[in-house]
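Two complexes are shown next, each including chain A; its partner changes from chain B in the first to chain C in the second.
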Partner chain A sequence: MRELYEQLKRLFPLGEYAEQRRDLSFVTVPQEHLRPLLIHLRDRAGFTHLVLLTAVDWLEEGFFQLTYLLNDRAAKRDLGLRVLIPRDGATMEGIHDLWPTAATYQRELREMFGIDFPGSPRVNEEFILEGWTGMPPYRRDFDTKKFSEENFNHRPGRATKDPAKHMKEKLYPDEA
Partner chain B sequence: MALYEPDRSQYPAKKPDGTLDIDLTSGKYLKLWQGPQHPGITGNMSLELTVCGDEVVDCQTHVGYLHRGFEKLMERRTYIQCFPIVCRICVPEPDFNEYCYAAAVEELSGITAPRRADWIRTLILEMGRINSYMMYLGGQAGSLGMGVIGQWTTYVRDLMLDRFEELTGARIYHMFILPGGVRDGLPDGFEKRMEETLREIESTMKDVYEAMFCNAVFKKRTIGLGVIDPALIDPYGVTGPNARAAGVAKDVRRDFPYLVYPELDFEPVMGKDSDAYTRADVRRRDVLLSIDLIRQILAKMPHDGPLMAKIPNVLHWKVPRGETYIRAECSRGEYGYYLVADGSGYPRRVNVRGPSYTHAVALLERLIINVNISDVAALMVSFHTYPPEIER
Partner chain C sequence: MKIRDLLSPFTVWKNLFRDPVTIDDPVRQRPGAPRYRGFHKNDVKKCIGCGTCETICQNGAIDMVPVDGISAKDGDSGLRPRIDYGRCCWCALCVDVCMTKSLTMSNDYQWIDRDPDAFRFTPGVDRKKWDDAALGYQRPDDHRLTPEERVHMKELGPDARIGSFIEIVKGYSVEEARKEADRCVACGLCTATCPAHMAIPDYIAAIRDGDYERGLRLLYDTNPLPEVCGRVCTHKCESVCAVRHEGDPVAIRWLKRHIADQVPLDQYRAIVGATEPATGKKVAVVGAGPAGLSAAYYLARMGHAVEIFEALPAAGGMMRYGIPEYRLPYDQLDKDIAFVMGLGVKLTLNTRVGKDIALDDLRKRFDALFISTGLHLGRSTKVPGADHPKVFQSIDLLRRVTLGEEIFCPGEAIVIGGGNVAMDIARTLARLQMRKYGKVGVTLLCLETEDVMPADREEIIESREEGVILRPGYGPTHIETDGDRVTGARFVRCLSVFDENGRFAPRFDTADEIAISGAMVVESIGQGMDLSYLPDDLKNQIVFERGRPKVDRHFRTSVPWLYAGGDIVQGPDVIHGIANGHAAAVGIDRYLREGGTT
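Entry: the complex of A and B
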C-alpha cells in the first residue's frame, strides 16, 4: 500500500498516511484535490467500488472528517480518503456523478451532520427525520439527553416492594 | 421466451434539468404509495410510485419509519455497552453486527480472539445466513402469491432457532460474539442435533425447488424481471448474491477471507442471467453451500482451548486512537463497520455499512422503471433488502 501512496504523492499533494492493516490504509487529502484523486483511483488504479462515505465530528478541533472508503477487489485492498473540512458552514463537492449511490450518503450527511453538497440530487429533502428544524442530530454538540427530556414525558418508575415483606403480607395477613 | 416489451411512447419526456415531465393533472399519470404498511414491502419503507396505466414511470423511496439512532447512541456508551445493542440493527441476521463490531474493537485494541472462538463465530455466521435466506425464500414466494413456501421455510428456520437457543440461550438476538471471543462452547450432542436439522433443511429445500423454482407462474413472473446490468455493479455498489447473480464473483468470504474461511473448501455460488429468478436460485444454492460449510466446520473445529482472550476491565476499557473498517459477507452482501476511536472509553464514531443502503435506494429507484405495479413487490424482495440497515 505504501508504494501506491508514493505513486499518488507524485501526482497529488497528499497529507498524513496511516497503514491500519496490510490491506487497509488511510490518507488525508486536501479538499480541492479529492475529486481528481477519486477519478484517478477509480479509472486508473482499480478502486472501482465506493464502500462508504461518512463523516466524523472532531468538535474539539473544529472540523469534520469526511471518509471516502474505496475498495479494489482485484488487488484485495482498501483505501480510506480523509478530507478535513471546517465545521462552520461545512460544504463539500458532491461525487454523485462518479458513483450514483453516493447521492444517498450525501443526503444523509446533509441531514445528520448539516454538511451541504450543492447540486446533489434531492439533497435538501428529508431523508430519515421528519419535520426536523433543530441542530443536525449527529453533531457532537447535540445533547441527546436534553433532547429526550424536553420532548418526551418522564415516566415514573413502578412502585417497588420488598419481596419478603410483601409475600408475608399476602400469604399470612394475620401475622403481618 | 418472449419478454415483456414496455410501450416507450407512454413514457414521460425529460426536462432539460434531468427531471421527468410528469403532469399529474393531465390524468395520464397517477401517484401511488406502496408502503409503509403493505404486504409487498420488505420492512418499514415506502415507495412513492408514479404510474402510467399499470407501469411505473418514476419512483422515490422513503425511509425513516424505523430510525433508532444507533450510531449516535453508541457514541454515549462504553465499548462493552455497545455490544448488546449492535445486534438490534438487523433483526433477521443480527450476528454479523456482533462479529463486525467485535472484530473492529479487537483490531484497534490489539487483541486477538482465540482460534476456537473463530471457529464458533464462523459457525454462528453460517447458521444466521441460513435463517436469513429462509425468510427471504418465504418472502420471495409470498410476493408472487405462493404462501405455502413461507410456511415450509419458517418451519425449518424455527429448527435452526432451536439450535441457536441451545448454543447461545437466545433465539433472535444472540449477543454471543463479544469483543475478545465468544461466550461459550458447543453443548453436548450439538453436532448430532445440528445434523438432523441440516437434513431437514435439505429435504425442505428439495420441496422448495420443486414447488417454487419449477413452478410455471414463478418462472413466468421472475425470469427477465429486474435485470442488473453487470456494468451497474460497481457504480451502484452492488454486492453479495445480487452481484453474483450477474456473474460478478463478489464474495467477501473469498475476496477478503476472515475468521476460518481460508481453511474451508468452497466456491462462491454464481449465476449469469441477473434477473429475479437467478437471484432467487443463487440464494437457494447458497443455502446448500452454507449447509456444507456448517458440516465442514463441525468436523474440523477444535473441541478444547480458550474461548475468550484476556480483555481489559470492561468498565474502564479505553481503545487507542485510530480508525478501521471490518467487513463480512452477510446473506445480502457486504456488511461492514467503520469504527473511529479517540482514545477515550467511548467510540468517537461507528458507521454501519449495510448492503441494503445501496440496493434498496439507488438501485431500486433505477430498476423499478417500466415494471408493472404487480411486480414491484417481487422486484423489491428480489434485492433482499432490510430497511433498518438504511436508517440504523
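Entry: the complex of A and C
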C-alpha cells in the first residue's frame, strides 16, 4: 500500500504512514485536507466504503485522534485516515454528506467523547446514554471507578483486605 | 412489471432445502470464541496475592480474601482475588495487569443459578467447571501495562573505576527516578520482607509525586540511615517485588537513595521534625554501627539523653570500616550520622568499653544500655600456614585502609572466601595494586560454586570486570611459606559445602588439587564477636543461644537494663541492625517510662 501512499502524497500534504498489515495501513492527515482526500479516495481510488469512524483521547497531549477507516472492496484493503484535533472545544467538520452512515458515528462521538460535528443530523440527540449530564464517559479523565461506585450497589457481605496490612497482621503483628 | 418481480417471491422457497442458519439451542451449543473473556480462572499457586487486579478494577468487583491452606509468607500475601460478577464488566484489565499471569479468563460464559451470591466466588479456590478450559482470554506476551525493564542506572565502567575508590553507582536523576517509581504497583508485599518494614510503596509514591519531604519523613519513620541503605542494603525487598515475576524488580534501593540524595542535610530537621521533650533518662549505646546509631536516633527522638561509646576514631562501624568507599562514600555515611548527632546524641570516640571505660561504670551512669559491638574478629581457616604474618584477615585490612594506613599489598594476592566481605577486600586490593603496579593480581577462591556463592551477583560481575580472578568451588589445604614470605596456597576441589542436614561439612576431592601463587593470603570466611568487655558476673546472667545473646522481641537480654542488637544478635546485615536498633529503642523507652526496674 506504500505506492498508494506515495501517489497520495503528491496530491495531499500527508503526515506519518504506518503499515499494520499488508492490507491495512494508516496515514495521518491535517484536519483541513481530510475532506478532499476522502472524496479522492472514494471517487478515484476505489475506497467506496466507510468502515467506521472512531476516536482516541490523547489526554496528556491535549488532542483527540479521529480515525476514518475506509475499505477498498475490489482490492480487499483498508486505509485508516488519522486526524488530530484540539481537545479543547473539540469540533470537526462532518462527512455525513459523503457517507450518510457517518452521521451515526458522529452522533456517537458527540455523546461519548463530546466531539461536536455541527450540522450532522440528530447529532445532539441521545444515542445510547439516557439522561446523561456528566462528562462524556469515553474521555480519559472520566472517573469510571467513581461512577460505578456511585451508581451500582455492592452486594452485602463483601469484605476486602489490604495485602501489606494483612501480612503485618499475620507475620509481624508486634513489630513497629 | 417485469417477470422477475413476479417470480422473486418464490425464490425464497429454495431456502426450504438448505441447512438452517440458526440452531435449536444456541445457548448450550455455542462455546465462546478462543479469546472470549468469560469467567475468570486463577492459578492460585502462581498468584501472589498482590491485589493489583483489585486496584485496577474499575467496577470495584474484586475483593482480596484470605484462603484456607494459603498463608502469608515472603512474596505472597496469602490473599486471593474474589470476584463479584454482579459488578464485573469482563473488561479483562485485571488479567492484563496481573503481575504473575496467574489470572486468566475461560471462554465459558454460561451459568445459571437462582442464588445471586453464587456469582461471587474465588477463582481457582472455589472449583468451577471452566477451571480447566483450554480456551479463553490471556494477556498476550507482548502486552504489558508496566514496563518490564528497570530504568538503567549509570555506573562507572571498569576502566574508570579500577584506578580509584570513587563511587561506582551514579544515582538516578529526578526524571529517571520518576520513571522507575512508575513501575511500582504499590502492592506492599516488600514491606513484610524488609527487616525494618519500611513503607516502601509510600515513599515510592512520594517520588512519583515529586514530594521529597514526604519521602524523607517516611524513610526516617523506620530507617535513620537512608543514604547508607540506599547504597549497600541487601535489598531483600527486591527479591519479593511483584514486578520481578515478569521483569526486573523495581529498583527499590536506588529509589530510596534518590530521596535522600535530593534533600540537603540542613533541611532534614525542618522536614523530619524535632525531638520530644526531655525525659531526664539516660541511655548508653556501645558501638556506633548501624544498630547503635539507629537505637540512638529513635531514643533521642523519644526525648532520652543518649551517649554512644565507640572504640574507633569515627562512627559508622562496619559501614565505615568494612564497606569500601567505592560502594559507600564516606561523605554520604557522614550525612546520615550528622543528622543522628544533630538530635543531641553524644558521641565519645576512641573509647573502647572494657578497656578505656568499664561497663560497670556505664551501668552506674546510665539508666539502660544497648550493646551493638558487631563482628570484628576475623575467623581463620586454621589450615597449616594460616598463622603466618603474611596471612591476613579481610576485616582487619579493610579497617586499616579506612584508617588511612598503608597495608601490605604485593603484586599477587590470594583471597579465601565467597561473601561480600571477600569481594570487598579483593576489589580493594585490586585498586591498590592498580595504583602501585598498574595491574591487578588477585585470585579469589571459595568453597561454594558460583551459583551458590553468598556474595551479591553484581559483586561477582563487577570484581571480574575489574580483573579479579574467581575460582569458586575450591577449599584451601595449606598455605605455602618460605621464611617470612608467603609464596602461595594449595586448594582442592570442594564437592559440597553442607551435609544433608544443612550443617557446614565440606567434602573435598583431594585428587583435584590446584596451586595458586601469591605473596599474601587474605582470609574472609566469616567474623566472630568479641564480648570480652562484659564483666564475668554479667556474662553469667546473660543467656546465650548458639553463641549469641538471647533477646526478646524488644532486643532485651536476660538482664533487664541491657539490650543488644545488630550483628552480635542477628548476623552481618546493615538493615537488620537498623531494625534491631529501632525495636530496642521502643523497648528501652517502654522500660524507662515504666520506671526502669523490670
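Rule of thumb we're sticking to: the second predicted complex is superposed on the first by the 155 of 176 C-alpha atoms of A that agree within 3 Å, B and C clash if a C-alpha of one lies under 4 Å from a C-alpha of the other, contacts with A are read in each partner's own complex, and residues count from 1 in each chain.
Throughout what follows, a contact is a pair of C-beta atoms (placed from the backbone, for glycine too) under 8 Å apart; a residue touches a chain by one contact, two chains touch by 3 or more.
Predicted, not measured: the structure shown is a model, and the values here were computed from it.
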Chain B versus chain C as contact partner of A:54, first or second or both or neither: first
Dominant toucher of chain A (residue count), chain B or chain C: B
First, second, both or neither for A:144, with chain B first and chain C second: both
First (chain B), second (chain C), both or neither touched by A:166: second
First, second, both or neither for A:175, with chain B first and chain C second: second
Partner chain in contact with A:128 - chain B first, chain C second, else both or neither: first
Touched partner set for A:152, first chain B, second chain C, both or neither: second
Residues on chain A lying within both footprints (that of chain B and that of chain C): 144
Complex interface listing, chain C residues touching chain A: 49-51, 54, 57-60, 62-66, 71-73, 77-79, 84, 86-87, 116-117, 120, 187-189, 191-192, 197, 201, 222, 553, 582-583, 586
Footprint of chain A on chain B - complex, ascending: 60, 63-64, 67, 69, 71-73, 75-76, 107, 234-237, 250, 255-256, 322-325, 327, 334, 336, 338, 340, 348-349, 351, 353, 357-358, 361-363, 366, 391
Touch list for chain A against partner chain B, complex: 18, 20-21, 23-24, 26, 48-52, 54-58, 67, 69, 73, 76, 78, 80, 99-101, 103-105, 122, 126-130, 137-138, 140, 142, 144
Complex contacts: residues of chain A adjacent to chain C: 144-145, 148-149, 152, 154-155, 157-168, 170-172, 174-176
